[in-house]
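Below you'll find a set of structures to go through.
Heads up, the next two complexes both have chain A, just with different partners, chain B and then chain C.
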Partner chain A sequence: MEPPKIWREKRGKYLAMGVECSDCMIKQFPFTEKCSACGSENVKEYKLATTGKVLHFSTVTQTTDEMMGSTPYLIAIIELDDGIKVTGQIVDCNLNEAKEGMDVRMVFRVLARNGSEGLIRYGYKFAPI
Partner chain B sequence: MVKRNVFIIGTGITGFGENYEISAGKLASKALTRAIENTKITKESVQSTFIGSLVSGSNSQPSIGANCLRESHIKTPHVRIEAGNASGAAAFHQAYLGILSGVFDCIAVVGVEKLSDFVNAGIVERILSSTIDYQWEFEMGATLTSLYAILTKAHMKEFQTTKEQLAAVPVKNHKNGVNNPNAQFRKEISIERFLNAKRIAEPIGKFDPATYCDGSASVILASEKFILQNKDISSKVPILGSSYASDSLALHHRKLLTELNASKTAAATAYKMADIKPVDINVAEVHDSYPIGEILAIEDLGFFKKGEGGKAVEEGLTEQNGKVSINTSGGLKARGDPFGATGIAQIIEIVEQMRREAGKRQVDSVNYGLTQNVMGTGALTYVNILGEEEVKK
Partner chain C sequence: MNKVGIVSFGSYIPRYRIKIEEIAKVWDEDPIEIKAQSQINSKSVPGPDEDVATMAVESARNAISRWKGKEKDLGAIYVGSESHPYVVKPTATIVAAALDVEKSLTAADLEFACKAGTAGMQMCFGLVKSKMISLGLAIGADSSQGRPRDPLEYTVGAGSAAFLIGSENIIAELEGTYSVTTDMPDFWRREGAVYPSHGVRFTGQPAYFKHTIDSSKGLMEELGTKTSDYQHVIFHQPNAKFPQAVARMLGFSKEQVELGLICKQMGNAYSASSILGFANVLNHANPGDQILLTSYGSGAGSDSFSFTITEAIDNIRPYKYDTQYYLNQCEYIEYGKYVRFKGILR
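Moving on, here comes the complex of A and B:
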């Protein structure tokens, strides 16, 4: 958990900002300086849709120390209403209540803790609507 | 079709498992030394050493080749090649290109990993996070196991693949592993044990993944010219095709989760190089780090139609001397998975089959054999095709 890295990625992870190409109008995430579809550098920052639905999901029971505090938790591939797909955790939901096709909204939560005195890493997760 | 000019002339392997008393460099040296002895060439005739390794060990020595060669009393230039779980196959492919190009005539390839060094919980998960999208999958909470669980569920949903069909993969591989003296686990496990085990990431159970362990494997590659100059070389197995392909690192960027596109693409090129079809392959070593890995592999490599892989395994079509013998070595599941060493161990199994030296694991027909080594969830796949041994003893 290096501070420069957390700082560098803050707009993507904290604000869920991607890009929209001003030439071919394709929206993409994560942020890129060149459109991955047409190669244009004429891209502008774009705020992802904040609601979507669960495409696939599973559970995580074993991971690194900084995230073990949250296990077992649900992990999912979400398709947002603007068509962009992302991977994120499903929270505020019992393990046996998650369903494919379930409507979710983006929420801002703690992702990982580096011990009791280290940095806390934040980012988006998803909660059922 | 590529000219037959690159041959495997010798192999060396250590037993896979836990080796607390030995370092990664020494482990690699054991395999390399055995390969050179097996080949009956002098140490001085090796022109370069390519080492495949994901993390090597806990001695913080990424250029593990220096340790390995010092231990082996060999002086060649060396380079470490990293391609996640497919590091072994990556080093092998680079060595293949080195000989094919005409720059080298004899190269040693070594795959090594020393994972029992990492005893604290979560460290291997961190190592494996480098094989998936670290920023946008792992840091958001996903792990390799949970992503394989998603791949498994997608296949079950699309093709009605059952838990029994999935469990048939490790059951068969453990049965094969009994006859492999280098395997970590040499005992059969009943299908009930797989089905009744605790789920670690639904539908993946506790006993489903291959285990991370220690091990090293080495092969010596040579050109036709080198073989003609060295009369003591008793065997040569031709490399007929060697290719690799990539896919997006993150699963969420892929259109289909019911196939590994990189496997299909790499295989198509390798088949073209060898000028053969999937049906010509008699024996294959595929990446069964999770049961769905083997089912996707046998479909994507063209042995069975898409969606029929689970059924094929359940019906015994992939058993030794079935329609195509898959993972006669026991696969990653029974042999154990020291990441960098796995890709080379797969090649050694096929070399032994092509030489008809596989003992109880020997398959009857050995015209062509194939290996498939996968990084992460299929962001990179290597496919190699070997032909029948050309020098009869």
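Moving on, here comes the complex of A and C:
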């Protein structure tokens, strides 16, 4: 991933910062400069809830080169306590321990390392509570 | 003079542990003898997606979320470590962004072997006391390196401790700090080297013991305090024997050193070692308690601090994700998984 993209996505990945439309009050993630519901540009940053429940999960065994060292890993759709659904990795959890309905919280982890000399990308993942 | 002290604190220890027996099995060494020497039963191991930046952020978020102040007031962030993920590109800026406190602040990464965390604390105390900033964040974090089959492989762990330092709502008031610093060839890692080297027995008497004793005595002489004034005392923990021996040499009892001695379960987390012990003491200490903290960093130096716990500590306790929470969250792994997690298998 190129440095400008990592920099642009920083607030979304590090802080789980989404957006709230000041006209229709819809909350969305990731950040967008225009409300995808009403098209308004009158939007402001909104920080997602940091806890939620696992709705669905799956085990990833085949993925991109930079993530292959981490396989197999758990990926899940999480319904956060504010109702927003996000996708994220589940960590600190063995493959046979994951359950639908499991309570999780956001933690800060390495998302991917670009080899041994490239940039390290950081961001949120989820750990069981 | 205005008061200065710790206003909040946070800990982080990775979930994974490896037992001494598991490492000894690989090298056909006697775990009973190794455990007798170090008095360490297991050490913490970072997961494959953890490093000093992630651990520093987790401990700092714990310090902030248990506290009721405004993190936007942060004027300085210092991260002490000898295993920063980048040689060039600061960990402290990642922490600032992950706390959403960019950008009117100063920040830097520090290195002084195992005492870079307390060096950052001293810098924050100075900046707050001189009113250059109102709030500082000092972190000590390490994903410690130990060469396979080296005695260090059995004892070096990982973790992070973070301290918010300010002048309002102080939970542990600083009474004084004192340091000793000499040039000491006891432990080193050259540019580009993966593992540190050390002077084996030379790391003891002239290095760890001399600096820890001189610094602790120097502070107590300066403040006019005596060993019996302190309810708790915390030293750097390369193993569990050294801090207990140095406590005896200084005249402290086993009870005074016990609460801060957490390396038995998690090993030596280098820059986070003494200050994670200190964080564990802060989770349990009572208002009015006096605490002596002395770090040790090879190369070499010691920083000593004397604190008094205030009534305000009960405003930030209890807190779910305290040091004990992370000590209890543990999964033992085998050596094969350990070498994969540590990146030894490439």
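FYI, the second predicted complex is superposed on the first by the 129 of 129 C-alpha atoms of A that agree within 3 Å, B and C clash if a C-alpha of one lies under 4 Å from a C-alpha of the other, contacts with A are read in each partner's own complex, and residues count from 1 in each chain.
By our rule, a residue touches a chain if its C-beta (ideal position, glycine included) is under 8 Å from a C-beta of that chain, and two chains touch if they have at least 3 such contacts.
Quick caveat: nothing in here was measured; it's all calculated off a predicted structure.
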item: When chain B and chain C are modelled together on chain A, clash or fit; value: fit
item: Partner chain in contact with A:G69 - chain B first, chain C second, else both or neither; value: second
item: Chain A-centred angle between chain C and chain B, computed on Cα centres after superposition, in steps of 10 °; value: 140
item: Partner chain in contact with A:A37 - chain B first, chain C second, else both or neither; value: neither
item: Chain B versus chain C as contact partner of A:V110, first or second or both or neither; value: second
item: Touched partner set for A:C24, first chain B, second chain C, both or neither; value: neither
item: Touch count on chain A, higher of chain B and chain C; value: B
item: Overlay on shared chain A, then closest C-alpha pair between chain B and chain C (Å); value: 12
item: Chain A residues contacted in one complex by chain B, in the other by chain C; value: 70, 89, 111, 125
item: Chain A residues within the chain C interface of the complex; value: 10-11, 14-15, 69-70, 89, 91-92, 94, 107-111, 120, 122, 125
item: Footprint of chain A on chain C - complex, ascending; value: 15, 47-51, 53-54, 57-58, 61, 85-86, 94, 97-98, 100, 329, 331
item: Residues of chain B touching chain A in the complex; value: 121-123, 125-126, 129, 133, 135-137, 139-143, 145-147, 149-150, 153-154, 199-202, 204, 250-253, 257
item: Residues on chain A engaged by chain B in the complex (per definition of touch); value: 9, 13, 30, 56-65, 67-68, 70, 73, 75, 77, 85-89, 111-112, 121, 123-125
